[in-house]
Amino acid sequence: MNPLTFAVIGGDMRQAKLASLLAADGHAVSVFALEQAQPERAMIADSLNAAGKGADCVVLPLPLLRDGTALHTPLSDMVLTLDAVFTALKPHQILCGGRIPEIAQKQAVERGLLLVDYFNREELVIANAVATAEGAIQVAMQSTSTILLGTRVLILGFGRIGKVLAHRLRALGVSVTVSGWSLEDLAWIQAYGYKGIRSDRLDGALGGYDILFNTIPHLMLNAERLRTIDRDTLCIDLSSQPGGIDFAAAADLGLKTIHALGLPGEAAPLTAAAIIRDTIYNILSEQGIPLC
Amino acid sequence: MNPLTFAVIGGDMRQAKLASLLAADGHAVSVFALEQAQPERAMIADSLNAAGKGADCVVLPLPLLRDGTALHTPLSDMVLTLDAVFTALKPHQILCGGRIPEIAQKQAVERGLLLVDYFNREELVIANAVATAEGAIQVAMQSTSTILLGTRVLILGFGRIGKVLAHRLRALGVSVTVSGWSLEDLAWIQAYGYKGIRSDRLDGALGGYDILFNTIPHLMLNAERLRTIDRDTLCIDLSSQPGGIDFAAAADLGLKTIHALGLPGEAAPLTAAAIIRDTIYNILSEQGIPLC
Amino acid sequence: MNPLTFAVIGGDMRQAKLASLLAADGHAVSVFALEQAQPERAMIADSLNAAGKGADCVVLPLPLLRDGTALHTPLSDMVLTLDAVFTALKPHQILCGGRIPEIAQKQAVERGLLLVDYFNREELVIANAVATAEGAIQVAMQSTSTILLGTRVLILGFGRIGKVLAHRLRALGVSVTVSGWSLEDLAWIQAYGYKGIRSDRLDGALGGYDILFNTIPHLMLNAERLRTIDRDTLCIDLSSQPGGIDFAAAADLGLKTIHALGLPGEAAPLTAAAIIRDTIYNILSEQGIPLC
Amino acid sequence: MNPLTFAVIGGDMRQAKLASLLAADGHAVSVFALEQAQPERAMIADSLNAAGKGADCVVLPLPLLRDGTALHTPLSDMVLTLDAVFTALKPHQILCGGRIPEIAQKQAVERGLLLVDYFNREELVIANAVATAEGAIQVAMQSTSTILLGTRVLILGFGRIGKVLAHRLRALGVSVTVSGWSLEDLAWIQAYGYKGIRSDRLDGALGGYDILFNTIPHLMLNAERLRTIDRDTLCIDLSSQPGGIDFAAAADLGLKTIHALGLPGEAAPLTAAAIIRDTIYNILSEQGIPLC
């Protein structure tokens, strides 16, 4: 591995662990605004300037901002404006952050800084889907008083998470049904040996399952549909806020629901950090910076 | 289902849930010494006599006794001697309990009572191994900061739990190595596509794993062997007390260990109850009592 | 199933079996130019006009034409020009054929006929990939003197066939490596637990495999690369003519190669016919013709 | 590998390939009565004495005898009596043969020769079951016009072959039902996620399957039961002669049956030879002859 210099500024436990992983790979790593985490092996910088100076790559948080202007720094008492961060950096440095708002990207361009969104990268999104699917299985195991073997599970959606989740559940002896929007989806669902159902024909087809996972970021389970679900079906929503379940209606009906958000960071923070690391390596490699 | 009359006397949450499951199958169920659980659908009896009277089958706890003489009644304030229980019952009734000591069996015989140990039944032990294996995966997921995909796992022992655990882990994308005592075990390990290692050749072969599961009820991991395990390997012991790991030595070495006991009841109490129900149905069927 | 009237004109065993399958579903089916097959349950028509007259749907061969002008009729001595076929049909009928050349499509449009290519449909292509993957495993089993368990297999390409083939081989205990072009492909390859390799970095990485499957329709294995393959590696090419292996160079090197073409029809003709049937049902359904 | 001297006398292609495998491991190997095979790397001996002289281990055929007295030598024109073979050997040599009749064992003992039956060894029988299961899948693929995905398969018997066959078929997306004799078997069948059926309750339960594999060496499918099987069910018998199907009755009913015998040697002769080699190594190791 060709040793580089990294600065990790702000972020949550994923960025803290990322700093340690980068250092473990032999890179020089300085951190700033992560003082509540104390990442192993990394040097703690005194200032933004000290952290950023000389860094080949500057790693910024995911999400980048806590509100419109300040960096996301949940492990620090400091308030860092994006402006202050950008001021401390130079155009030859590569900046990597996650969920970058358009306005921030615009500011970077105006200053001649290269700001890359690692959360936009397909390889990260797929790897996160794997971590989400495993986390979803952990949540299901923790939240039921039965084993998974022999249970009947319905997964709404055959996107990235649905694909991995179905694969793992079937391997655990679950009877898996997946809903898909297109004939193409349904052909793949059949190819892997799952039962398939059209996502636009779910009305009247939601009974008879022990667990129901939603992966679709639309209101899939409204009050009317929730009424057709068995009383003891566990509903786990994996789609991001506001989710695909009418949680209030579900509570009224006495249905057990879980909105499992941010599973990669929750259930597997070290893997989540390693995924960001691998993606940043890919970004650097594409920018002509050899890592090995 | 041919409706019968059951009495469930004492026991923990498994027996409480069992009472509900039996009632849900249409049987008449009365319970005693389970007052902290209030099992749904079951009738609460006023006395041992009221509970036992007329029952075709009397379900006793697992383990049967809390000490040498009193029934295991963790969900009750009552103290019931085995003698008192036996006095309330009649020879034509079938008694089922778990982990029955020889002395208790002898007393039953003297009174002409048929006392069958459901924990001795192979079908129950296998089904419990399945629940234990799933529970072990849940414990591993909860206790690591990574996902299971791509991890390297060593399972000590290819008995019932080792067989199911290896099967499920490989399905989750884990690189599975299993230790077996005999050439027969190793042939099976290979047949299922796992890596194999002789259980008598573990010295010097314990490095390089992320997780190590022990299923063998002997001291497999003594201080000397523990010293050869990687510092960040998680050791999960699934064997019953006192377990197969020198936990004190492991703590001195800074190794992370977990002794996961009673996983079926812990992680999947409803499944644990259903397993006992199915086994009791088998026992009744073999005693000539038709259930359907 | 809402009974319709079908005409199946020309084609190979797949169309012949398709005629039987359609009849088995309750439809009225007449066949023409399939006289060497004698499909069960179908009526044999005397003429193109008799066959086509009154048919809601006319099924044409895959590929549609044997040369530029005549219908593909390997199971018949007749020569049918496309012109003659089109003349026998009416605009309200739905025509389905496979691999339709542009010129044929143009002719249909000029006559006001609706001609749909079922071989263009994604659900058919995916289902065919499944049949191809299973067929490839059969070919590998037949062509080796070892079992698949424990063998090391490299699959070039992670398209439809690569995806299904990798899935099935891993399930059979094979050590599976897959090459992919993009970081996205490689992320998916890892997500399913296979080893991954960049398709643009295959030079020097082709040794150490027992079987090598090519699914990429480019010259992946030229003479130079073939020289780096182990002498006893079996090379199976699943890509369509001219394939991705320099077969002459492979023969010179003494390498064992197989070009497995048309596997769905070869290894599983009934499944191949059922796939076409399902696709035609989808086409009809999208044209507003209800089947059930 | 500690180089030894082997003599391989008689046998079929498995013994011929075994000779090559032993030589490839660095051992000195002489062969006799295998002249139609010409195994690579092995020395062809002129006489029984020349072959056997100085051999640490003498490998004899499987089965040992062609009839009561002569060695099984299908790849040779020679007739070798067991007596002649034994006369050429010395007590310090280890003799390994397969399916050794009692009378042959008695003769060996009388001459002070150690004759070990490698076909009796559990590790060989299990590894053969794996090869049989894979071969059975190959036979099924070759003998049907459909793919396996989505088919419904019944396996009679959950012994070694049944276990591996069920495992592989489920992995290929087959809906697997297995019959078992005991509650223990049925618990294992359930543990792996297959459907189970009692082997003593098969009457009236044999309909609705696409393929039926028999692994039980008893007449499981008599005329009466065959009458209840679907007309297009393929019946594959994997049990040794005379098999478990009334083949004459099946032919009368128009059922398609296959009696697949000797699959390891048929479908995977090199694996079959490697299995014997590994077993002989185990035998030698247990006799105190170190191989590495």
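Should a chain be cited, it is by its letter among A, B, C and D, assigned in written order, with residues numbered from 1 in that chain.
Just so it is clear, a contact is a pair of C-beta atoms (placed from the backbone, for glycine too) under 8 Å apart; a residue touches a chain by one contact, two chains touch by 3 or more.
These figures come from a predicted structure and were not determined experimentally.
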Starting at chain B, how many touching-chain steps does it take at least to reach chain D? 1
Looking only at C-beta pairs in contact, point me to the busier pair out of B-C and A-C. A-C
What whole-Å value do you get for the distance between chain A and chain C if each is reduced to the mean of its CA atoms? 38
Could you state the distance in Å from the CA-based centre of chain B to that of chain C? 51
Among all residues of chain D, which ones touch two or more of the remaining chains? 130, 149, 190-192
Have a look at which chains touch which and call the overall pattern line, ring, star, complete or other. complete
Going by the contact rule set out above, which residues of chain A touch chain D in the complex? 149-150, 173, 190-193
Mind listing the chain D positions that touch chain B in their complex? 121-123, 126-127, 129-130, 164, 167, 182-184, 186-188, 190-192, 282
For chain D, which residues count as touching chain C in their complex? 17, 130-131, 134-135, 137-138, 141-142, 144-149, 168, 171-172, 267-271, 274
